[in-house]
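Next, two complexes with chain A in common: one pairs it with chain B, the other with chain C.
On to the complex of A and B.
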């Protein structure tokens, strides 16, 4: 088995993209003190509506926008329950995930039955090549040997995702909004005492997360796979939470963590192609998550001890 | 607020959450229903709702159906256990979502014991269920210890473990344990003395496991509300520093509640598989863990209300199944109704304005009562 091929590295980036979108949503959320475990459900829902509207409108742009809109709407609804009705955010997220798994299949059945006369259980037949989010060949880079094959030819959204890593860092550390988000995450009462509207900033925080997860959903159903199918997000929203904590909550570190998961999954696909049972390979990313969380926590503890010793 | 008023408020709040859930269900059915005119759509949606709400207990002609009732009771068995597991973990504010994987692992391990271990009579059932429960409890040690010692999120770890368990069980099934003479992936049949006897022999699969479940409900309630450790678990959820300063070990409590949760979920798995089937054939996570979370929230994390909540969820599930066969509405509607009712139950501020009014009214009544008393004394 030849592992270090350009195809392999290309697939790491391809696989990491949806995780990266959700990871950025988790990073912004956690900075603002919001543990959004509903990212999984949001991605499912926007993947579904993204692919359906791309099919109806015959345009991937509309599909992408609808996916982002659905993500935003669902996140804001979560906000109403979490911030206005004082519901534990983890329970709100759990409810969103319930709708994301069973609810989406109900919705796709009744929607397709109403519009097309036959109840579909997936939309994989609806997204055709020309409705896919386009991939882009980058001039110049494309012509560099090896690197060109790895970095060029990805989906538009992939490049956007990596650009968003930088934008997220800028948002969090260079803008007044970012300062407000972080200060509310650290201490909402202190932020409120200097006149920050805590509720407004929290809605913005969770809303941005929703849009990002929406893009991740669109990528899943309109590029990664040709259409939506049940449970297609397969825990990526949860893995994003792990990537966030593994990356120390910072955009750049979390991006690297998302790439680690991309690597684990790409490796899995590679290994199962050699005939190893896929059930043995599929859990690798989840095991990697647990192990990496432990390593991160141990590191964190060692750092704290060193700091404590230095202080004494 | 007086006790009477606070019970009244809980009932009204619950009814309102239920009402909203059913209203959402009706709107979705209405949107999806077939019919030329609005009137036709309306009547066919009503018919579907009637199917969902009435038919789990009554036949078309209005007579009571014992078969359907026993179906509903049988459906309660797995979610009684996952509900209890979640109650105990959530009561300590440990958001461990591993009951889903736990019940699958428990079912799998119990099945292996039921197939391969030779033990006399009902001893085999006891051994199978206990080993399944222990396996699941051991696995829950992972998120529990990591949370208690290193502060790693038990939520993320338990979610990851659910997937790991599912894939490893599937691997073991496909690669080593499956009965290859069958078309679908399933194990060899359980030994006869491993099957849990049925309470009613009408095909509902209402086994004596149901009674075990109810006994566990009482034991869990006793543990949570009448013992020192149960008090510690509940206090950890309300005020963790208080537990620490009062000299109980928070570390032990965090580990204990999750291991107990794992044990209960695993036990549920064993009882469900040995009571309902004669081979093991689950190839995906069964979803009982998530329903268990709903059950725990509806029961307010109090074990004594778990049977009521489990009955309700099982009833609704059966209703949605009947609706999908008789009224052609996809049965997955249950996920949406479940999520809506669940979230309104969990929302602290839901109807808080009304509660405020009740508080004021009962305060006024009390004042008036005291005033009257004083006048009499004069």
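On to the complex of A and C.
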């Protein structure tokens, strides 16, 4: 089995994309002091409505916009519960995740039964090739040997995701909104005492996260898999939280962490394609995750030790 | 029209939804260009009154006038718009942001319409720093600057928002003598420029030194407005607590016995690699109070953490009566009869939603005295609790009252009642009277002296210079994680001299410091 093929590296990027969207949502959320564990549920709901809207409107653009809108709406609703009604944000997130699993299958059956006369359990039959979010060949880069095959030909959203890493960093560190987000995350009283509306900034923060998760959902149902199916997000919303933490909460570091998780999943797929018993393959992503977390922790400790030595 | 008063609060009453009356018919007026003291014990209603003036709370009845104009202050923003600024007791700063970023938070200068104009933020900060002679380092992160500078940043923050009326809530609580002096000079400077300052403090000396007039609150009511020059400290404390308080604690000379606490070459490097303790050695003997003075953040907190097992030193020895404490948990340390009055009583001292009784026995709940088989011996517990409440004069409805609903002074009395009553050989008292009323302060100080004279070793850490000087038999000063000075006798010490050691301007030589080990 040859592992290091261009296809393999291509698939890492492809697999990491939805994780990256959710990771950026987690990064912005944590900077603002909001632990949004409902990203998984938001992605599920966005994936469903994105695919349905694309089917109805015959346009992937509408589908994508609806997915982002649904993500925003759901995040703001979480905000109402968490910030206005003072519900614990973890409980709200858990509820959103449960709705994302049980609620979506319920909704898809009711909606398709009313509109098409038969209750579907997935939307995979509705998303045809022409509704897929387009892939883009990048001129010049595509002609570079090896690199071109890895970097060119991804979905529009993949390029957007990597662009958003940079935009997130700019938002957080170069704009007044970012300053407000960071300050309410660290000391909301300080921000409030100078007239920053903590509640407003929190809604904006969670809302941006919702839109990002919505894009991740759209990618799942309108590019990665063709159509929505039950529990298709499969823990990516949670992996994003791990990536955020592993990346030290910073956009660039978290992006690298998201790629590590993408690598782990790609490896699992690659190995199973060679016909190895699926029971042996299934743990690969988790093993890689654990190993990378151990490396990360050891590295942190070494850094601390170095600092300790420098101090002594 | 020139209006004499910058602020008039007329007949303010504040009743909280749960029925607590915080202020009753209180009137306060502050002239333009004066420094006005707001005094009173904890729970007297000072903070509530100021919260209403800064828009954080709304009065139940009464009216507020700013420059003669009736205003409705619905939020801090509304108060800022009326040119009122507040410097909170706990700094309202974001540690990981720079001084300049903290300055402009909420009013960020932009470039190209979207981005932060960092250069302008820095310029603005430096311009104001220069204009008001409050020197700060605009580019430093707030977490890296000393407390005194943080305070200046807070004052500048209010000024840059156009404040003409400044509320300072216990501004000197964390400052050294020199920093306080500097602050006072700056406040006087502001006053001369026509600014009005409301100065909240417990420290009589400072009030006498800097304020023009004062309003005294007691039990949510105003005890009147006085010209500072016309009242004596004795009169003020009588007005505050309703009786004469003896501020000086009488104590006999210590007769130190054998060494109880032995600390040698203790070093600690924190998680960010900063050296917080650097070869600290000290001894506390039976029957003496050793005081530790110093600006906060110079290793006192870390020292207490080591002594009570909250963190582990990188090297060094800690022994109580010859037995090492390193690596022991809090329960094991308590079993060696070490007591701790923690600095943060709400976090480490009590469980605020539990009852007084539960808090009082929390360190001895397993003792045979209070247990019968698998169950508590409630009769014994009630009896002990009632006795402690009486002995320590905890003001409460009954022993089942939630501790969190008591006033600060009474909460501390509950902590002290527990810590002092379990037959200690060593008491570590970390800021034992911070932020509590004069009555409780006096009680706790007397109790500490009494216990030490009965043969208990006491280590007293306090940011209140009067307190350490008053209570300690001998005293060390910490600066930058080291002991900067040791004074065998506290009689001759002055604030001035201590301030120099606290700020690291002077340092004794190692031999002089080593005397604290009594070897």
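Everything that follows uses one rule, which is that the second predicted complex is superposed on the first by the 281 of 312 C-alpha atoms of A that agree within 3 Å, B and C clash if a C-alpha of one lies under 4 Å from a C-alpha of the other, contacts with A are read in each partner's own complex, and residues count from 1 in each chain.
By definition in this document, a residue touches a chain if its C-beta (ideal position, glycine included) is under 8 Å from a C-beta of that chain, and two chains touch if they have at least 3 such contacts.
Since we're looking at a predicted model, the values are computed, not measured.
Student: Please work out whether A:98 is in contact with chain B alone, chain C alone, both, or neither, and reply first, second, both or neither.
Tutor: A:98 contacts chain B only, not chain C.
Student: With the two structures laid over each other on chain A, which partner does A:299 touch: chain B (first), chain C (second), both, or neither?
Tutor: In the superposition, A:299 touches no partner, neither chain B nor chain C.
Student: Who does A:115 touch here: chain B (first), chain C (second), both, or neither?
Tutor: neither
Student: Check whether A:187 is in contact with chain B, with chain C, with both or with neither, and answer first, second, both or neither.
Tutor: In the superposition, A:187 touches chain C alone.
Student: Check the residue A:128 against both partner chains and state whether it touches chain B (first), chain C (second), both, or neither.
Tutor: neither
Student: May I ask you to decide whether A:84 touches chain B, chain C, both, or neither, giving the answer as first, second, both or neither?
Tutor: So A:84 only meets chain B here.
Student: Is the number of chain A residues in contact higher for chain B or for chain C?
Tutor: Touching more of chain A: B.
Student: What residues of chain A sit close enough to touch chain C in their complex?
Tutor: Checking each residue of chain A against chain C gives 174-176, 178-180, 182-183, 186-187, 189-196, 304, 307-308, 310-312.
Student: Over in the complex, which chain C residues touch chain A? Could you list them?
Tutor: Within the complex, chain C contacts chain A at residues 75-77, 80, 86, 88, 90-97, 101-102, 105-108, 110, 114-116, 157, 161, 269, 271-275, 314.
Student: Going by the contact rule at the top, pick out the chain A residues touching chain B in the complex.
Tutor: Touching chain B: residues 35, 37, 81, 84-88, 90-92, 94-99, 101-103, 105-106, 109-111, 113-114, 119, 235, 238-239, 241-242, 245, 277, 279-280, 282-283, 286-287, 289-290, 293-294, 297-298, 301 of chain A.
Student: Tell me, which parts of chain B touch chain A in their complex?
Tutor: Per the stated touch rule, the residues are 28, 31-32, 34, 95, 97, 142, 146, 150-153, 155-157, 159-161, 163-164, 167-168, 170-171, 174-175, 287, 290, 293-294, 297, 329-330, 332-336, 338-340, 342-343, 346-350.
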